[in-house]
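In the two complexes below, chain A is the common chain; its partner is chain B in one and chain C in the other.
What follows is the complex of A and B.
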């Protein structure tokens, strides 16, 4: 299976954990090579979070992840739509998808 | 300088007179407006709103003229303007969002605006909170905002509430309004307002802004009282549908710690007002930000609207069988204070100790800011990451050679060494441990190019790791990464020896303690208060200043050196000794009762 190209965006302060880069274009290797114990054929959000944690996350993983999902207060958008409408962690990534992680703001 | 103070005084006096005259004019005008409007044209078509101001079916002539530019819009029109004049909007927070939002609402002629804020105006607020001026410093934000709103539009009713909104008073305040604008700056208040809006079945227009970004959406929208809606049963999501669990407190930023660019809340606040106006004139949910969220990024000036999830049929707040039927204690639920603590002085030393403990045990902590010249600034807000086990040595040279045994150490051994170093040893033991593992030998030099030159390098270091009682030579990278430390730390630990700590001088606070023990005291009368509180019972001593003077005089008689005023008041606070035998909870109750009378009229 060829490498999968997707866009990963961060916003609302979440980018501070990722070298302050808001927009990235990333190339994911074949999932069975990267995570041999995973028995799936394609990348889902669940594996993407593991990949992000190991490759992009610079500090304080507890401010981004909680268990195998994201922490409360981070909105995950798949092509500008709430991930709940796509089945959250089980959504299978398609080429050139845009996954956005927005930390909700509370200032005023 | 005399002239300056005289002028300042004169200006302050003139302002006072101006304010009085403005209030008088406002009252006369309002009375006049009322009389004018009550002379009925077509009595059967009269409408009333709660403020007592009446609007006949046809808008008065002044209103048509005054609001003509927005009446011209087909979206608003005369009918829309009538609705606006009857609308009642509660703005929670008179800060960066509340100010611009309420300005546009007041300008649009929204009949009644309530504005809630517990805080007072600070000079650091003025860059974004456009209703407050320099002269308003230390004035209540709600009052200051209300005053400016009245000067923008004297024809509307503006009610300031200088209270901290919580589960006991929120229902009473919000019951008088048709829409809530969430312009607050903290998580507990956001959850409080959400549950409130769900219970009262009114929409919540929620904005937020921080640094260079802003977000906006409408929660708790209900279609049932809008005739323009195709589906009268439609209900939008509430805040809890989208965010069922509050975020961890350490992940929440605030304007005072993270900063904010003034125009960002300006943009979001103005859009909040627009959404409120659209809702009032009766736009359907497809035109409003329902089930959608606007993300504004000031960095690259982009607006994006993203689709949110629909209402959750099992939501704790807004489902048909909600588990939350009354307001909760949101500060406990969110583990955060709704009120920002302004005085941090007493906590500074404790905080420093706390952060130091975290640093020494390898956890993430907040470090001091460092100025350009390398000196510390005594503000502790720079996040530092925790100690981590670094990657092992992958050098081929280490693997090939016989002198180093990097490859013989397994990953579990490394983990054990790392854990032992950071969890089991205290700071002194850590130093001793590192010293026992690093040998210093005369500088080695291998490169031929520099042969014969005097080396600037003082010495070479040989690193070891202890595994199963054996001291194994390893390379520098392996050593540093396994213990999770940096080279500079090793160097400084090797060059300095442990000095015994100089014992601290005995505290002067001791003689303050004996002084407090000696003076007459009495127990509180109030039964609500905690038992360990005591009150000073000396005639002629009613404040801390007088008590301190007494203490200084006594010290002079005894020939001892008195403690400073600062130390003195600290000891008084820790001993929980109070000055007057009037309980704080009583005075607070009296004050709250007055407040209730104030806004239930």
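What follows is the complex of A and C.
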């Protein structure tokens, strides 16, 4: 299985937890190599969050993640559409998808 | 696979609305979002044609979306409002710089006049100057009290008819929950009001009262509105932080809980014997206060009298107030006596009002907040200040000097996202 290239965006203050970088292009390794125990053939948002935690998240993971999902109050968009319309954690990533995380928890 | 827009417009849905569960496309969402705020404004009779309205602008998401939406609706429905942006600059070095830049962007984007008022303009002192005089230990008392009154003072200077703040449905539900958790029945009764303010004061209105935070953020995202985000407002372990987290967890399971909590707050009836502290006007500065003399005036008196060499700005309002006050030959001690008298009368209704939680961000006090406060500490701070500045020759301690004049209190809420001003406020 080849590497999967996607875009990951952070906004609304979520970028403050990720070196203040708002837009990234990332290359995910084969999921069965990276997370052999999950026995998946493709990446879903669930595994993406594990990868983000281990590779991108710089500080205070509890402000971004809760359990296996994002912390309530972090909005997730899949190609600019609310992930609640796409099965949330179970959405299977496609090449060149853009996944956006926007915090509503940061003040202004 | 894409979900079609629930209105049948033929486009694909972009989001699921937390309030209704509807899946809508961007255009239908914009329309629903704006139209609901229009109904909130007209049903609540928030404005009158010809009014000058100050939008409390912090540069944050809520006040940015509020300014954008009010401009849109004012044009679409011909409200005839004269809208302007009002921002407060506390004068904390480095803290407001970015957010004030964002507010200036709002001014240009929405073609609205912007007035930035500094604490120097409003009180004759910047927070930096106050910190230099009293040290970091006590400055939380000042930042909370001054911030609470800053909008009222600013609006009076601008001569507007009302102040619109960016409080959203999640904020109001959180405030209801907090007031229940603190047993603060007086604030519980008042916190859901869409318009607050008493006779002779400039009312504050909340056009986003029924608007979900998620929708505000999605609206700003899809409209590409520029706003400023501070560090996360969650303070682990702080009382309010837990309440906010609980609310977000509940909202995830059942999104209508936000509206349900607001509805509960609006319709709960309060037992007769609960004495609600009446809102009145400070005899010195004429702004809303629950006391004869508001806390801001007491603090200012301490600063001004205790540090005569610094004086205060020539044109400052504070100086005028001080002169008027001195002309009436009142002494602070008498004022304090008055306060104590008033409080004895009210004691029964106020006994549980005062829990304030830990200051949860660097916004109020440059990160040097003196942790957990409550009334007693607060009062003892005022007492020690008054002592320090030789303002108190009486041995009576100042008790119960807390203002119950607003939905927010202490630095804890100022530091959070009260719309910044709006936050803040």
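Worth pointing out:
What we mean here is this: the second predicted complex is superposed on the first by the 104 of 108 C-alpha atoms of A that agree within 3 Å, B and C clash if a C-alpha of one lies under 4 Å from a C-alpha of the other, contacts with A are read in each partner's own complex, and residues count from 1 in each chain.
Please note the rule applied: a residue touches a chain if its C-beta (ideal position, glycine included) is under 8 Å from a C-beta of that chain, and two chains touch if they have at least 3 such contacts.
Since the model is a prediction, treat every value here as computed from it, not as a measurement.
By the touch criterion defined above, A:22 lies against chain B but remains apart from chain C after alignment on the C-alpha atoms of chain A.
Contacts of A:68 after superposition: neither chain B nor chain C is touched. In the superposition on chain A, contact of A:13 is made with both chain B and chain C. Common to the chain B and chain C interfaces on chain A are residues 11-13, 60, 62-63, 71-73, 75, 77, 80-82, 84-85, 100, 102-108. Residues of chain C that touch chain A in their complex: 2-3, 12-16, 23, 58-64, 99, 170, 213-214, 216-218, 221-222, 227-234, 236, 245, 248-249, 251-252, 361, 363, 416-417, 419-420, 422-423.
By the touch criterion given at the top, residues 93, 95-98, 182-187, 190, 207-211, 213-215, 242-248, 250-255, 258, 260, 265, 293, 295, 297, 299, 304-309, 364, 383, 385-386 of chain B touch chain A in their complex. Here chain A touches chain C in the complex through residues 11-13, 16, 60, 62-63, 71-73, 75, 77, 80-82, 84-85, 100, 102-108, going by the rule given at the top. Residues 11-13, 22, 59-60, 62-63, 71-75, 77, 80-82, 84-85, 100, 102-108 of chain A touch chain B in their complex.
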